[in-house]
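Chain IDs A, B and C follow the sequence of writing; residue 1 opens each chain.
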Amino acid sequence: MTCSLGDIAEHIGAELHGDNDCLIRNISTLEDADSDSISFLSNHRYIKQLRSTRASAVILAKEHLDDCPSYALVTDNPYLGYALAARMLYPQTRTDGGIHPAANVHESASVDTSAYICPNAVIEQGVVVDANAYIGPSVIIGRDSVVGKDTRILANTVICNSVIIGSSVLIHPGVVIGADGFGFAEKPDGGWIKIPQIGSVLIRDDVEIGSNTTIDRGALGNTVIERGVKIDNQVQIGHNVYIGEYTAIAGCTGIAGSATIGKRCRIGGACGISGHLEIADDVILTAMSAVNNSILKSGVYSSPLSITDNRTWRRNVARFHRLDESFRKIREEIRQIKKN
Amino acid sequence: MTCSLGDIAEHIGAELHGDNDCLIRNISTLEDADSDSISFLSNHRYIKQLRSTRASAVILAKEHLDDCPSYALVTDNPYLGYALAARMLYPQTRTDGGIHPAANVHESASVDTSAYICPNAVIEQGVVVDANAYIGPSVIIGRDSVVGKDTRILANTVICNSVIIGSSVLIHPGVVIGADGFGFAEKPDGGWIKIPQIGSVLIRDDVEIGSNTTIDRGALGNTVIERGVKIDNQVQIGHNVYIGEYTAIAGCTGIAGSATIGKRCRIGGACGISGHLEIADDVILTAMSAVNNSILKSGVYSSPLSITDNRTWRRNVARFHRLDESFRKIREEIRQIKKN
Amino acid sequence: MTCSLGDIAEHIGAELHGDNDCLIRNISTLEDADSDSISFLSNHRYIKQLRSTRASAVILAKEHLDDCPSYALVTDNPYLGYALAARMLYPQTRTDGGIHPAANVHESASVDTSAYICPNAVIEQGVVVDANAYIGPSVIIGRDSVVGKDTRILANTVICNSVIIGSSVLIHPGVVIGADGFGFAEKPDGGWIKIPQIGSVLIRDDVEIGSNTTIDRGALGNTVIERGVKIDNQVQIGHNVYIGEYTAIAGCTGIAGSATIGKRCRIGGACGISGHLEIADDVILTAMSAVNNSILKSGVYSSPLSITDNRTWRRNVARFHRLDESFRKIREEIRQIKKN
């Protein structure tokens, strides 16, 4: 969509240095931009690219204005400005309502006339699909589930039965929501007996869920994902997990059953969070952290080891596995020396 | 399903303290229970909730009987009692046999009349589907595969060709079984040549497999999952892995090719198990363990670091990366002191 | 397929010790082989199995010829010889071109007559499917995407819109390519605003991608997977990642946004690679490595801890969390001793 620079400046709340009527047709990196482009600088280390950009205009902070060779849109938060400008230039295209002839909608399901159901989607009995919802190709919505208005569920995702999904939710392809949690009791003879998973999953409004992520239903009671939570790809969320609003979870993280995560947390990629523990509001976990205790205070937490060359690492690991023993020995040697 | 307390007591083998004819309609946590509910206490730390529960009856151990404000079902293993009671109150609903008109069954496939094939399922040539099996919507069963009786394969799962699945298996949505293992030979020029993966996968009876888990076919010979194994979501199992009976594997764990896992192991979430190694029977791995050597003796094993605040962690990691060097220096200093 | 030993020797470039006309019908491990089989020895530790094999012929290095009880095919690289022989004995079966009546192909899509489209596949508007391509059951190809010649996309995979896939690519079931990257700007009130992901994904020729792997589209510009890259199951690749040619990535690895990986790297299973960093050509990462800094030199790198028994591990971890403090104390004690 083509927009004038003046309209963009107004939309993102920036101060325009340049031509109000200059037409912008795309948004690009500083490096790839051309005379149809607006770009942005949100990280000081790209200052060199700013100086040589061919963009028509750049969204940036006041401190970088002197280095800008083009028109400028000055704002306190250029990254937010970029996000807002991109949404203006690339608006979500709306699909007309309707049910594709190759979709499979049970007669007892209720689909709003403004919702769109793609080919090979299966909508089971008792399902409700609200206004402007989009159900992608080969999506399965299990019986008695509810899909809120403006919610988009993309290709091949599976929503199991009785799952409640709010409005303006975006679910990427290959997601599974509401499958059984991993719950078994040990039999006296050593085998396992499955525990029926009779709870469900509640996904509140404005949640986004990445490709091939899985969210299990509760054993008793529900798994709950609160408003505005953002979940990346291949995240695994166990039964009866609770995630507070606006928390963001990066890819490949696993959260075991009955963990309670606070509001506005930022959980890095490939973290592992054990079950039945609590994480406070505003906790930041760096990538690949292993959380096996509750974290009751906001702050930044870490656990894995950073990378090193393999030879040094082997020696250090060998020491690590004798760490306690070695400390005791050294302490003892010092004690002996002091005695003498 | 409504059951009398007497029937539940008998079914789970518990001693009833209360009214035989009291009707139970659901199972709930101690906190959420009402007068239609039975609940359970399997963990001492919920004793407070026991004292204030509104459940009609609670399944518990003898030692907690005095704290129980309601009827009680006394048993040595309340968690198993809960599992059995839940199965009684929430029996698996049976689907009548049949092939949905929107399913796609090859003429050479053999589907038992008591099996049910959902819309958009694809059953390829030579497939056998046994009695009472359930094939969910958009499930693909590749040519010459076999699905045993009472086995349920849920939505969007893919079973590749020539895979043998036993009876009473439960496979959750989005699973892929029998895709090629990751096998390549290096070409002299540095590229890769794919090795045909000509083995298959055998899944024995009573196995459960979680959402979006992947199990590769063997390169030569088969990948084998023995009877009663329970696998959680997003687990990755490489080619020619062997998993012994009743082993349970929590979510996000990866097992590399040709690893052999014993019987009755419990593998925590997000573990990584290297290939071509052996894990004995009855091994317990705590979550996020990295197994790069065989474990030849039963026991509890661990490897990752637990969580700490980021500042302390940074200092410790810096020390860790000089750990071997530092130990040598301290030893040398002590030697020098002793000399003098 | 049945082949003569002479033909196999010629095809794999090996020196034949034995009967040119001996017929080979399958390839097996040394242990499972029978008189119809060829086998191979690529690892010295299987020498015992070599001595007792019932194979008709074995592919091996010259040094093991004396231990071989059968005909032998001698080559410098027996593993490559095995790969080539397996490909000869188990050639890829070709499907005739055509569109299954239960496939759903948009009228504006262009499908080569030699390509095959399986039941329930959905080919959206503007898609191009080139010669001999195979689109599996329930695969979704989003609008304006391109599938190169001889490329095979297996069951239930989702290719989002405008993705370009080269020729001779093999994509296993359940893969998602081109879903939105994980990109949000923080709102002043603490919530998130989604950044449109307007780039795409380029997959070059001869790439293989494992089951349930996810590859996100670029935010601005493209995510690029270069020629000959091999990716295992359940790998997560973030937006704007670049992977150089012939790099191999084992299962469960996650690569965060805008990471640049060199050529011919070998990335072990379950590694975590942070975003906005660079990994040089020819880097080897052992399994479960956490990469949070650029690696600018080829070599072998590692980071996690290896496994130990849980009791020792607990003590070592406790020491680790006091590691910096403990070193300071010991140093101070030594200083005090020296003074006196």
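As a working rule, a contact is a pair of C-beta atoms (placed from the backbone, for glycine too) under 8 Å apart; a residue touches a chain by one contact, two chains touch by 3 or more.
In this text, all values refer to a predicted model and were calculated from it rather than measured experimentally.
Chemist: Answer with same or different: of all residue numbers used at the interface between subunit A and subunit C, are over half used by both copies?
Modeler: Under half shared, hence different.
Chemist: For the Cα fit of subunit B against subunit C, please give the angle of the superposing rotation, nearest 5 degrees.
Modeler: 120
Chemist: Using mean CA coordinates as chain centres, what's the gap between subunit A and subunit C in Å?
Modeler: Once rounded, the distance between the two centres reads 25 Å.
Chemist: Could you list which residues of subunit C touch at least two other chains?
Modeler: In subunit C, 120, 138, 156, 174, 212, 234, 252, 270, 286, 304-306, 308, 320, 323, 330, 334, 337 touch at least two other chains.
Chemist: Residues of subunit B touching subunit C in their complex?
Modeler: Per the stated touch rule, the residues are 104, 120, 122, 138, 140, 142, 156, 158, 160, 174, 176, 179-180, 182, 184-188, 190-196, 198, 212, 214, 216, 220-221, 234, 236, 238, 252, 254, 256, 270, 272, 274, 284-286, 289-293, 295, 299-306, 308, 312, 315-316, 318-320, 323, 326, 330, 333-334, 337.
Chemist: Which of the residues in subunit A end up touching subunit C in this complex?
Modeler: Touch residues, subunit A against subunit C: 27-29, 32, 77, 79-80, 82-84, 86-87, 89-90, 102, 118-120, 136-138, 154-156, 170, 172-174, 206, 208, 210-212, 228, 230, 232-234, 246, 248, 250-252, 264, 269-270, 286-288, 304-311, 313-314, 317, 320-321, 323-324, 327, 330-331, 334, 337-338.
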